[in-house]
Every structure is written in structure tokens, then in C-alpha cells.
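First chain A sits with chain B, and in the next complex the same chain sits with chain C.
On to the complex of A and B.
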């Protein structure tokens, strides 16, 4: 399968589902309803950062990768990023809980935690964008990567090519490229 | 086998966006309950919505199963269940997210101008 590259369009044939943060969901008087995040609509005319992580609540993702992005939300806004999409292969309910656990509780939903169904979106970027963690009992997960999408077109693409977190997918690296 | 037949619910089950748009066009106040079969809080308010539908015929009550009618849920941006919408003449008057019975009943009273406690 061919690998996607800079200047290709970010695939929008599969939309991830997510549960937007809302105060009502916090109070257990309502059940969250996962809704589709329309990628084509989100990308049109805007700059979006998409970053993927192998698993919600797993150590590296929870302790380093996403907190790094959460610390820099205003910096991303200042650079004109309209949305940050965090993708994992987990279901939308786990992702919603993870977002809250990481401390993101803003109804603005500037950063959304969305489910890459069966890692299909990541797989469509290329084989190196998924990790088969079946041996660990996790199934096929997304790899760790980050993409800057400008008006639907990939402007920057960086893949950790493994499970670790390094400068490659750090917030500062992305901010420098914006 | 004899069972006491449950009277058919006065709540209209709405299955399509077209049916939905037709239902809310009414000059009667219409109240729509967006629910999911697996959602606890939705089940909790069911008896109250049923009772309201029974006692306040001046208001049209409808319900939408968000799993069966995803297009309607998407159109109206339903992100949590239950979400109760209030309409009249096709215009959205208000909505309540969550099983806030007090608010739900209060708004039915307010928009229908019916004294519910007398029914």
C-alpha cells in the first residue's frame, strides 16, 4: 500500500466518531452520544492538527504526548490552528473519559478525542501508520504520528514509526512548522 | 393468558427527518424526546413523559431513537440523551439536555399555558 506524503489530501472517506465535551455529560443525568466528526468540513479552508496515539490511558500517551499538546493549546490557536484532533483506536466512550481525565473540560471542544474505527483512517495513510499490537492483546492500533492539514491537504507529516514519543511528534515541533 | 393491555402511548415515534419536520410544523406546541434504548436517564424520565402526553393533549409529544434515526440526531446536533426539544410552527423554542424533570415539566407548562397540576 502506497504511503501518503506531503501535498496529498488527507483522506476523508472515513469519519472518526467522538463525544463532544458538554457539562451535562459530566453530571450523569445524560448519556453521551458519539457523533461523527466530518473531516472534510473541519478541513475546508482551515488548518487542523491531527495526532494519533496507540492508546488512551496507556502510559506514554497519557503522561507525555497529549499533555504536551494540552499545555500548548493557546499556542496552537495563536498559530491559526482551528482544531486539534487526537485519534486512537479506542471507542468514543473511552476517548471521552480520557479527555476529561487529562483535564480537558471545555465545551469549546477545540481539541477533540476521536475514534479511528479499526484504525482505518491511519491505515489509509500507510502501513507504517498502524501498529499491530495483537501480541499484547490490543489488536491493530494507530501508530504515533502528527499531521498538519491545510485546507484538506497535508502540509506536514511526521511518524514516530514505533510507539515512543519524541521530538518528532512533540507540540513544539508542530508549532515550529506552522 | 390475560394481561391488562397497556394503552398505546400517546407519544409519536418519529423515524425519519421528513416525518420529524412534518411533526414539528404544527401550530400546536410539540415536544420531542431524543433517547437511546441503552440510556439509563432516558428510561428514568419515560414515565413522566408518558404521563405528560396522557394529560396534556394540547401538546404534541414525539420521540426519536437516536440509534435508529441518526440523521435526525445529527441534524439537530444531539450529543447527549435525553435531549428534549420544544417546537412550535417549525421553530425551536427551547431544549433541555439531561434528565432534568423539573425543567422539562416546567417548560411544558410554560409553552402550553396549561396548568398541569390541575390535570
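On to the complex of A and C.
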């Protein structure tokens, strides 16, 4: 499958699902029903950052990658980013709990923790945006990557070589490109 | 796949991936601290007196499982030991070991807070039934959803036979809940 590149449209044929944060479901083990995040609508006329990680509650994602973004939320806002979408192949319930556990508890839902069903969205970016971890019993996971989407078009994309977290997908790298 | 029934033999070579949780100090249980998963070899649990309870849920952090199904097992650990001589209780789902571990820590922390544990209680594991490799051959897997069915099993450690098989046929918790398990005729 051909790789998607800068200036291509970010694929919107599959929408991720998420459980919006609400005060009523503040407790880590409280759950509400997932809804679809309409990507086409989110992208229209706006700048959105999409970042993917191999799994909720896994060491690297939990300890480094997403906390790095959470620390810089105001910087992303200052640069005109309207929303940050965190994708993993976990289901929306797991992602909702993870978001809360990481400390994001704001009804603004500026950062959403959304499920890339069977990594289909990531797969549509190209084969290198998914990692087949079936041998380890984890199935096909999203890779670790970041995309800046401006009005639906990919302005910047960077894919980690492997599952690690480096400056390639760090918040600072993205902020510099915005 | 025909569903397993009471009296059937427990399969050999079952291994489930999990991250151990130490309940001796609940305050130390941090759902964001991740350790490496290891394999629980079920074979190693047999040959002694006692029971194993296995409770399967379609998903960690999903509404029914989190709010109704599993918490009563955690608050009834002492009764499970006392009434049924349960030595091990396994909560399993097809989620990965990291997710199950985070979920388990939260439920244990929540369920055992303020509970005084005297004497022996079953060892609790939150383990992954990866791709349903355990549930599927027992006919306890929903292939369409790619999730385990919601069920509870009691297995005798001496005979390695199923003493009780309770599988939900509709939404909700009836045959696989704590009441059904505690009142199972063994």
C-alpha cells in the first residue's frame, strides 16, 4: 500500500471512537458510552494534532509520550491547535480510563483519547504506521507517530522507527513545526 | 464449539499473561506504574486441595464489568475462601496484560479499601486471555465481538475438573456473579 505523505488528505473514511470526559464520570472506574469523533468535521478549517501510541497503560506511552503532550497543552493552544487526538488500538473504555489516569480531567475535551478500531486509521496512512505485535499477543497496534493536520490536509507527519519515543514525536518537535 | 460443562476436564498447558499485583499495601498500587507481564501456568496450580475461580468479562473498564460484575468478587474474597476453599481467583479478559493490570489495581484499591483481611484470602490475578486462546476451545468466546463471553468457572485443583460453569446468555450478571458462584452446588 502506498504511503501517505505531506499534502495528502488525512484519511477520514474511518472515525475513531471515544468517551468524552465528563465530571459525572470523573472516577477512574466510572464509564459512559463511547461516541464517534467525526474527523472530517474536526479537521474542517482547523489545525489538529493526531498522535498515536502502541497501547494505553503500556510503559513508554504512559510514562513519556502522552505526559509530554499533556504538559504542553497551553503551548498547543497558543499555536492555534484546536484539538489533540491520541489514538491507540485499545477500546474506548480503556482509553477513557487511561486519559483520566494520566490526569486529563477537563470537560473541554481538548485532548481526546480515541480508539483506532483495529488500527484501520493508522493502516490507511501506510504499513509503517502499524506494528504487528501478534506474536506478543497484542495484535496489530498503531505505531508511534504524530501528524499535524491543517484543514484536513497533512502538514507534517513523523513516524518513530520502532515503538520507542524520541524527539521525532515529542511535543517540542511538533510545536516547532506549527 | 460446544460449551464446556460441569465435570469436564480442565485443559492442559493453559498459560495466561498477567502482571502480579501485591495487595499487601493498597496505597502503593499505582495504575500508571507498569511492570512487565509474566505467564501464569495453570498446570502448576493443580494437585492440591482447593478451588480456582475464573471470571471472564468482555472488557476491562467497560460499564457492566467495572460497576457490577467484578467488584463483588473483590469484596467477598474472605467468603470465597471460607465457603468454597478458593485459593486462586482469576479475572480474565482479552485486553492486554497492561490494561488488565491497571484495571485490577484500581478495582482492588477501590474494593479493599477499609476492608480488614484476617486470615487467608484467595490470590487474585488479572490476566489476559489473548485472542481467546483459553476461552475459545471451551466454547466461551464470542468470535464476532472478538471478546470472551461473560462467565464464571469453578475448577477443582485436586481433580482438575470443572465444578461449576456459569455463562451469561444475555446482558447483565446472573450465572457468573458472586451470588451464583457462592451458592454453586459442588
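Some notes on this structure:
Please note the rule applied: the second predicted complex is superposed on the first by the 173 of 178 C-alpha atoms of A that agree within 3 Å, B and C clash if a C-alpha of one lies under 4 Å from a C-alpha of the other, contacts with A are read in each partner's own complex, and residues count from 1 in each chain.
Definition applied: contacts are C-beta pairs under 8 Å (C-beta built on N, C-alpha and C of every residue); 3 or more make two chains touch, one makes a residue touch a chain.
All values reported here derive from a predicted model rather than from experimental measurement.
Of the two partner chains, chain C is the only one that A:91 touches; chain B does not reach it. Shared-chain residue A:29: touches chain B and chain C both.
Looking at the shared chain after the overlay, A:110 reaches neither chain B nor chain C. With both structures placed on the common chain, the touch criterion links A:156 to neither chain B nor chain C.
Of the two partner chains, chain C is the only one that A:59 touches; chain B does not reach it.
Put chain B and chain C next to each other and count what each touches on chain A; the higher total goes to C. By the touch criterion defined above, A:102 lies against chain C but remains apart from chain B after alignment on the C-alpha atoms of chain A. Of the two partner chains, chain C is the only one touched by A:137; chain B is not.
Looking at chain A, you'll find residues 28-33 touch chain B in one structure and chain C in the other. Across the complex, chain A meets chain B through its residues 19-20, 22, 24-25, 27-33, 35-36.
By the touch criterion given at the top, residues 17, 31-32, 34, 59-63, 66-67, 95-96, 98-99, 101-103, 106-107, 110, 128, 130-131 of chain C touch chain A in their complex.
Of all residues in chain A, those touching chain C in their complex are 28-33, 55-59, 62-63, 90-91, 93-94, 96-98, 101-102, 137-139. Those residues of chain B lying in contact with chain A across their complex are 36, 38-42, 66, 73-74, 77-83, 97-100.
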